[in-house]
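Chain IDs A, B and C follow the sequence of writing; residue 1 opens each chain.
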Amino acid sequence: MTLQSRTSRNAFWPGFRLAVYGMMFGIVFSSSAVLSQEATAEVDNASTMLAPMLAPAAPGNVTVEDAPNDAGHAVIVTFSQSQAPADGQALVLGYEIYRSLARSGPWKKVGAVPSDVDVTASLIYKDAGGSDKSSDDYLPTETDLFYRVRAVTADSTLYSDSEVSAPAQAVGQWWNSGRNPVFFFVLFFTLLTLYFLRVAKQRGDSLYIRPLAGIDAVDEAIGRATEMGKPILYVLGLGTASDIATIASFTILGRVARKVAEYQTDVIVPCYDPIVFTIAQETVRTGYMDAGRPDAYRDDQVYFVTQAQFAYVAAVNGTILRDRPATNIYLGKFYAESLILAETGAIAGSIQIAGTDEIAQLPFFVVACDYTLIGEELYAASAYLGREPLLLGALKAQDYAKAVIVVLAILGVIMSGLGYEGFAKAFEAVG
Amino acid sequence: MSNNSNKGFFDRVMLLDRRWVFLVLAVVVVSTYYIPMNVPVPASREVQTIFDAIEGLEEGQKILLAIDYDPNALAELHPMTYVIMEQCFRKKVGVIITSLSQNGPGMAEQAILDIVDSTALPKTYNGVSYPGREIVNGVDYAFLGYRAYFELVITGMGQNFRTFFSRDYYDVLLDSLPIMKDVQNYDDIEMVIDISGSNVVDAWIKYAAARYDVKLALGLTGVMTADYYPYLGSGRVFGLMGGLLGAAEYERLADNPGLAMDGMKVQVWAHLTIIAFIIIANIGYFGSHKKRGL
Amino acid sequence: MKRQIPLALVFIFGWLMLALYFIPLEGAQKVNENMLDWTSIIGIFALALGIWSLITVNLDRIKHKKRDWQYSFITLFGLFGMIIFGLKFGGENSMFQGQESYMFRHFFNDILIPIYSTMFSLLAFFIASAAYRAFRARSALASILLIGAIIVMIRFFPFVAEYTRPVADWILNVPNLAAKRAIWMGVGLGIVATGLKVILGIERAYMGRD
């Protein structure tokens, strides 16, 4: 019964289903396989005494081909099932797959597939071996492999083997064609960006960009901090230096640091990730240098705290409640700590500007902060702040790509509605 | 007079000190813990599949329970660990426990100690009576402990558990544990249940499920859950428990109401309290605006 | 020159990593894994810098008796204490039993776990106070949000669950998910765009100002 329900649930991905079945079957039949090799001599005696049954028909048409889009070490075995049991033949429960490096053996059992109710259906088994020569399941590439399929029954002594397959090799591919949709999109987007970079170069900074209240507020907030004589707290979040949100945040930090240095106020940057910390230090120092006040920079402005999430929050909250910064800026990756930080900031009465691409955390920032940059607005901030033609050009490309995606999404809905599933499938990346 | 005091009242409501909110909520959370209440949590399909899979195991089969969360996710994830571990111990299914999150071993140990105690008592679940029995380390379960670089460890276990865990958490050789005798790698266990509050789960999906075709189910914190539904759709994971609700659904299925059911109960009352506060705030908002003729 | 070399490295490795994504060949994947290993290695070196910063900043606070300098003692004690208690040497009878040691366990179970849980449970209180402040029916849209939030919150309440749960599920799975996907799409494009800008060297603020 449990098997039944699992089938329907995973019906849209037969490969996985087969693998799961294969595993379960492997376990169920692993003992029988051992027995069967030793006990063939007793077949007649044992089986005739209990129930006069005959071995099932053999499975056939075993074909083997290289598994596509991989590094090698895997092949796909296809075979047709045994014919429905004739009188006296035992019912086939499943099929065991055997592999050998030579036509004559020795054979190694590599997996099992349960039989299908519809015996006319061909079954598929993906033999994905290891790439490590010393490991048990090593499957060599560019070497002839032979396969044999065994139909097994509830009685471990009753089984029948297929013919040995024609040799086949597992080969590594130079190109993952399953990822073609991704490739074409990247290509399209790169060309689009390059085109708009050219346009931007010609037209200068006349490209229009929608105002972002959150970014406008940054300058205002720095002014406020200066008036109040209080520091600005800049939190880069829990992201690593490879997170785009963190990279975008560095841009804004650089800008904030320069302004802060010009206005002779203070910025505090507690960091969570050590690499982010070193970059943040460099960014702030450069900001002070650009403002012509390198001497005003102190090493304890940018510091590393810890890589434990809530210990970090405790440290930042402590800073907020003790130093009462005029402005708290949270830009980057945030998780469960978002509201704890933002609400503490609200208690301390700071002006708060937040921005993240972690969608689950956006509501918390929206309710507890004065300004929130939503998702891509954070990435756009660097273009907005710098007003460099090149960055604006890249932003334009993004807008056009978005328009294309919207059109494709609408087309996809219409096509699916009309029953053309192939349209959506064409955009699916596999593997 | 009334006008004046009314205006003051609404404004006071608007500017209510948040500490009152905290106090009321604290009282509600603590007191409702003791109020018996049956929260209706019908089990969703993705939780039912996990329960069915474990329920379908035979005595002596083994699963790997990955406890990959830190104390901060305890409220949501501990109940999942508890209920699944007890189900396995009752059914005499072997449990191999790993913990690839820095502060995870403490969580795992706490769960093991509690469930060993609980399994010592006779209990009835879903109409089946189980006698109390002693759970023996190394026989009924093995706790392998923590190793750094979870991605490497998860990949390594696909070759052999001993690659990274030559000894278990208690420094005993893996080869000397009866439960590990016939266990080399993922092929020798029935499934992996990863209960995770961090990105360790991505490595389980990427390396264990995708590379080694491991049968994988997830227990995640509430906020993470939505991001992992696509894997359920693609079949890469066969079950998914999300947050306290997922844990409560599992407890309902296992007929073993515990931490999560208690949590749901408290959560329902806490939500009602928050709703009450929102309504009060809105009364204050409209009251003060009306008085000002806005 | 100081700027050109890093930019060139970003350009080369950026395109290389992108190309490796499309090449499943064994050798290519080895290169890929190798480079990812390097990021971990660099991370460990950076961690040393980070810990050094933590120590110097706190020592400095203590030395100059800056405001609240007492807290720095606790930080340093926590840092070194857990390292020392977590050490393992000297056989069975030694007090250094690694994670098994009495002190390590007590610090973990009786201090760290309660503190973490406390920090996390602050969320419950902050959600309440933030909701109190923010959920006001200021406009038609805000009112819709308010009603939606209330329905989602009472979806498990025994007497009304039957009616509210289907509505709440619809709110979560249809309008909510649609909005999320829209943001995801923007984020996805933004990530590709920023990645491209970084590789092309247009975006270089992460190396300090240009």
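We adopt the following convention: a contact is a pair of C-beta atoms (placed from the backbone, for glycine too) under 8 Å apart; a residue touches a chain by one contact, two chains touch by 3 or more.
The shown structure was predicted, so the numbers you read here are calculated from the model rather than taken from an experiment.
Interchain contacts join each chain to each other chain, per the touch definition above.
Of the two interfaces, B-C and A-C, the higher number of touching C-beta pairs belongs to A-C.
Subunit A and subunit B have Cα centroids separated by 23 Å.
Averaged Cα coordinates give subunit B a centre that lies 20 Å from the centre of subunit C. Per-chain Cα centroids separate subunit A from subunit C by 17 Å. For subunit A, the set of residues that touch two or more other chains comprises 310, 336.
Residue numbers of subunit C whose C-beta contacts span two or more other chains: 116, 119-120, 127, 129, 131, 133, 135, 180. Residue positions 18, 70, 72, 103, 226 of subunit B are each in touch with at least two other chains.
Taken in their complex, subunit A has these residues touching subunit B: 2, 5-6, 9-10, 12-13, 15-17, 19-20, 22-24, 26-27, 128, 130, 132, 135-136, 308-310, 335-336, 347, 360-361.
Those residues of subunit A that touch subunit C in the complex are listed here as 69-73, 131, 141, 172-176, 179, 182-183, 186, 189-190, 193, 197, 241-242, 244, 247-248, 250-251, 254-255, 258, 271, 274-275, 277-279, 282-283, 285-287, 290, 299-300, 303-307, 310, 313-314, 318, 322, 336, 339-340, 342-344, 346, 357, 359, 362, 364, 366-368, 374-376, 378-380, 382, 386, 388, 390-391, 394-395, 397-398, 401-402, 405. The residues of subunit C lying in touch with subunit A in their complex are 18, 21-26, 28-29, 39, 42-43, 46-51, 53-54, 56-57, 60-61, 67-68, 71, 115-116, 119-120, 122-123, 126-127, 129-131, 133-135, 180, 183-187, 189-198, 200, 202-203, 205-209. Those residues of subunit C whose C-beta lies close enough to touch subunit B in the complex are 40, 99-100, 105, 108-109, 112-113, 116-117, 119-121, 124-125, 127-129, 131-133, 135-138, 146, 149-150, 153-154, 156-158, 161-162, 177, 180. Interface of subunit B with subunit A (complex): residues 18, 45, 48-49, 52-53, 55-56, 61, 70, 72, 102-103, 159, 184, 187, 190, 213, 215, 221, 223-224, 226, 233-236, 238.
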